[in-house]
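Both of the next two complexes hold subunit A, though its partner changes from subunit B to subunit C.
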Partner chain A sequence: MLEIKNLMVFFENALAINDLSLEVHRGKIVGVLGSNSAGKTTLMNTISGLIIDMKKKEDRKGGERITVLGEIRFEGEDITDTKPSERVKKGIVLSRERHPVFPDSTVEENLKIATYLRKDPQIKKSFEFVYTVFPRLKELRKRKAGFCSGGEQQMLAIGMALMTKPRLLLMDEPLLGLSPAMQQDLIRAIKEIREEGVTILVTEQFARPLLPIIDRGYVIENGTLILTGTGKELMDNPEVKAAYFGL
Partner chain B sequence: MSVRYRKERLDRGIKARCEDIFALSSYREMLYLLLPRVLPVIALLSLPLLKGVVGLYWEKVLVVTCAIALLALSWDLMASVGLVCLGQALFFGAGAYLTGFLNHSFGWPPFLTIPLGTLGGALFCTLLLLPVLRLRGIYFAIVTLTLPLLLARFIETTKILGGNVGMSGLSPLPGIWFELYVPVVALLICLFGFRRLINEDYGLVLQGIRDNDRAVMSGAINIYKLKAQAVFIAGVAGAFAGAFMTHYYQFVGMPAFALDYSILPLTCAVLGGVGSFAGPTLGAFILVPLSEILRAFGTLRVVFYSTILIICVVGLPEGIFHYIQRKYHQFERLVEVG
Partner chain C sequence: MTTSILVYGLVNSVILALIAMGFSLTFGISGVANFAYGGFYLLSGYLTWMLLNYLGLPFALAMLITVAVAGLLGFLTYWVILLRVRGIALSEVIATFALGAGMLEFFRWMGFVTYEFTLPCFMKGRVEIFGVPLDYQRLFIIGIGLALVIFLYFFTHHTRIGLSFRGIAQNERTAISLGIESDWTAALSLALGSAMAAVAAIAILPLGIISINVGYDVLLIAVAVGIIGGLESVPGILIGSLILGYAQVITGMYLAPEWMMVVYLAAIVLVLAIKPSGLFGKFKELEERV
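After this line comes the complex of A and B, so read on.
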């Protein structure tokens, strides 16, 4: 479904992603694991196209020069130079890290804003789906998003991504800053979302809760792919154990 | 797989360089460092000498340019502390009126009234702005935008300080060289002084207030005290421009609080590049003479002026100075990757 070939991203002279190739197949959960500064967020921004926007902005004010080389294909189509808004229309939706929501709108309004692109009559069904995946959001419907807790905002951010009816959902560090109990809730939700036929690409530092549910995992370090395998294989891998479980 | 290239940006370096300590090994490197610093000094100091060549009219433009540049510098200093000010006319007017008042009522000479007007005007503005220093962003801008207008109307209605007629017949400045060199030297002192100040530890705290005032607060630093100090320093630069122009025109009146003195410094700073102090100065030396040249177009002047301004701001949002600085310090080359 998504195919990345020889991707290289430079921020000025620093190499953020080094010759990375990965594939995401339909209906699977694919995990990208790595510590801080491994290039996870950059990878997500590149796939969602946000980096094109960042690049333009930086070029205009003469800031950092961002260079993106390589090829990104979505369902056989080259989208390397496609604008981020066009990519959303194609079904690539990113839920960014640190749960960005509109703090002055209520939870329900936030979800409504996310349906902006959709004209189909099934919006109501999507609302129900989001509310069944995250029952907590239904209770908080009328509360302003800025006053929700971090975990609730994270749910809302993912809910907003779901409202756009993604075919490929990109989740950037969804477990960031959540308690272990909350993490388990979210993991369950991710599984439910996959059952709806949404392909998921998720980046995370906390490999332990995530590894059991992912179909395929890529471990990156300093922008370079160092290891790949199914979730089960990675769990048994001594290197991953040492690096991510502290065993 | 084909060979791929990317553009690399490299600092045009001094061979050994650590923070601000340079190990200079050749005249070329010295020239590289000195040129951008010495060139504006020489240029500014030699401009008054061209009196005989360009005529008195353009020397008048030079004085006005210096005044606007001083206001732009004071705007930039306040912006470095996170105080976006839309009322540089407040500084200008306060300095101008105090100087005019001292000269008009007591007959004190310019040597006394200009320093007193400068310091007094800055102090007056600081006290006036003290209660609103805790405002941030647009709210501070609105308050500072209205204050000079308020003072102008106050003087008009209460008829103090000459009312809407103003005070004229003030003492002239002693000699043409004094007229020309004082603003130029003041501008140079402010330009290099502010640049030094903002790079000292003190200035870094000021910039910290701009970037994240709560973080500075949690470092046990009283940000309101620092903001007040910064406003005073910026006020000195602005009030000096007002004080000097009062004796230059030998008149002070309500135009001292005019909106021009608020907006023009801001435009200069945006055109030249915010945050560098050299940018606003450069902006002033482009915009004020440009506006004089465009007088030939009559009423169409503003149209041309605005068009040029829009093109510059849209085309170079970083500011002219930052662009030149970047091109001077860095070079680019294609390198092979992958």
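After this line comes the complex of A and C, so read on.
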């Protein structure tokens, strides 16, 4: 479904992603694991096309030079240079890290804003789906998003991504900063979303809660892929244990 | 005396709010401080005048065409002029200010400076409110101000484009990641802001003659109200207008009318010195922008 070949991303002369290749197959949950500044967010921004927008804006004001090399294919089609809105139309959507929602709008309005590109009549169904996966959001739908807790905002951020009716959902560190109970609830939600036929690519720093549900994981360090395997293989790998479980 | 201060202060406040709203809306959504705002305002006045006097169009039609043309010009301003300097706040201000001054001076060059340039009132006549005589045009201005606030509320809460405006205004990158286009939205925000300048012009200009200086004054008003209330906040604009509107009327009555313009400038200096983001504003970099 998603194929990344020899991806390299530079900010000025700093290499953020180094010759990275990975594949995501339809219906799977794929994890990208790595510590802080390993390149996870840059990778997500590159797949979602946000980096194309950032590059355009930096170029305009003569700011930081951003270079993207390599190839990103979605369903066989080269999307390396397409803008984010085109990718959302094709079914790729990113739920950004640290749950950035629209704080002055209500939960329901946040979800509505996310349907911007949709012209099909099934928006109501998407609302129902989001409220089934995250019943808490339904209770909070009249509350301003800025007044919701971190966990609730995280649910909302994912809910917003779901409102675009994605085929590939990118989640950047969805578990960051959440309580263990909240993490477990999100893990359940991620499984439910997959069961609905959405393919998932998720990044995480602390892999422990995530490893049991991922079909394949990629471990990256300083923008370089250092290890890959199924969730189980990674769980049993002593290096991963030491680096990411703190064991 | 007190009642007339109350009534005329309110009218004056609504006038200021009408003038400031378009400017602040554009800034709130796209971060563009559209310093060509006065140019758009005056262009709308002259355009309506030309449509009425050269083409003999009915007033309602002339108004509609003017609002549409102003909107279109705002839209084009973004793609043709602003796109190249987008993100460099100072260049945005300089480019739009030059454009606005160019528009205003163009009309001066055309010789649009005599007393014949006036727009008709919607309806002639007056009423008395608490013993204070008030003409219908000023009543209409209050009505239009109210209608515009209600329209804006509905537009930004219940339409797809309006919701996308709020998305971009609150968190641009998240909005982009959901498929909303920032350039497109910014261009539309300029279009809407300019169209609102046209609405304000058509409502307010019948109170006096259309003169070039009005264009510069309007920009000053928009900036002053925005700075006091906080540029991106609608309640801020309304309260900023009320403060300035009443302060002006009181100054005009107790001091002298020529001090009324000083009120804006004093208010700008005071607010920037004490609370630079405005009474209700959130933008910390406001003082850098304006």
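Things worth noting here:
Simple rule for what comes next: the second predicted complex is superposed on the first by the 247 of 247 C-alpha atoms of A that agree within 3 Å, B and C clash if a C-alpha of one lies under 4 Å from a C-alpha of the other, contacts with A are read in each partner's own complex, and residues count from 1 in each chain.
What we mean here is this: a contact is a pair of C-beta atoms (placed from the backbone, for glycine too) under 8 Å apart; a residue touches a chain by one contact, two chains touch by 3 or more.
Predicted model only: the values in this text are computed from it and were never measured.
Aligning the two structures on subunit A places subunit B and subunit C in clashing positions.
In the superposed pair of complexes, A:69 makes contact with subunit B only, with no contact to subunit C.
With both structures placed on the common chain, the touch criterion links A:85 to subunit C but leaves subunit B unconnected. Contacts of A:161 after superposition: subunit C is touched, whereas subunit B is not reached. After overlaying the two complexes on the shared chain, residue contacts for A:117 are found with subunit C alone; subunit B is out of touch. Of the two partner chains placed by the overlay, only subunit B lies in contact with A:12; subunit C stays clear of it. Once the two structures are overlaid, the count of subunit A residues touched is higher for C than for its counterpart among subunit B and subunit C. Contact with both subunit B and subunit C is seen for A:61 once the two complexes are overlaid on the shared chain.
In the superposition on chain A, A:103 makes contact with subunit C only, while subunit B stays out of contact range. The superposed model places subunit C right into subunit B at 134-142; the other stretches listed in 134-142, 206-214 or 224-232 stay free of clashes. Common to the subunit B-facing and subunit C-facing surfaces of subunit A are residues 60-61, 63. Those residues of subunit C whose C-beta lies close enough to touch subunit A in the complex are 83-88, 157, 160, 163-164, 166-167, 170-171, 173-182.
Against subunit C, the residues of subunit A that register as touching in their complex are 48, 50, 53, 57, 60-61, 63, 83-85, 88-89, 93-96, 100-105, 109, 112-117, 157, 160-161, 163-164. Touching subunit B in their complex are the following residues of subunit A: 6, 8, 10, 12-13, 19, 60-63, 65, 67, 69.
Within the complex formed with subunit A, the subunit B residues making contact are 1, 4, 6-10, 317-318, 322-323, 326, 337-338.
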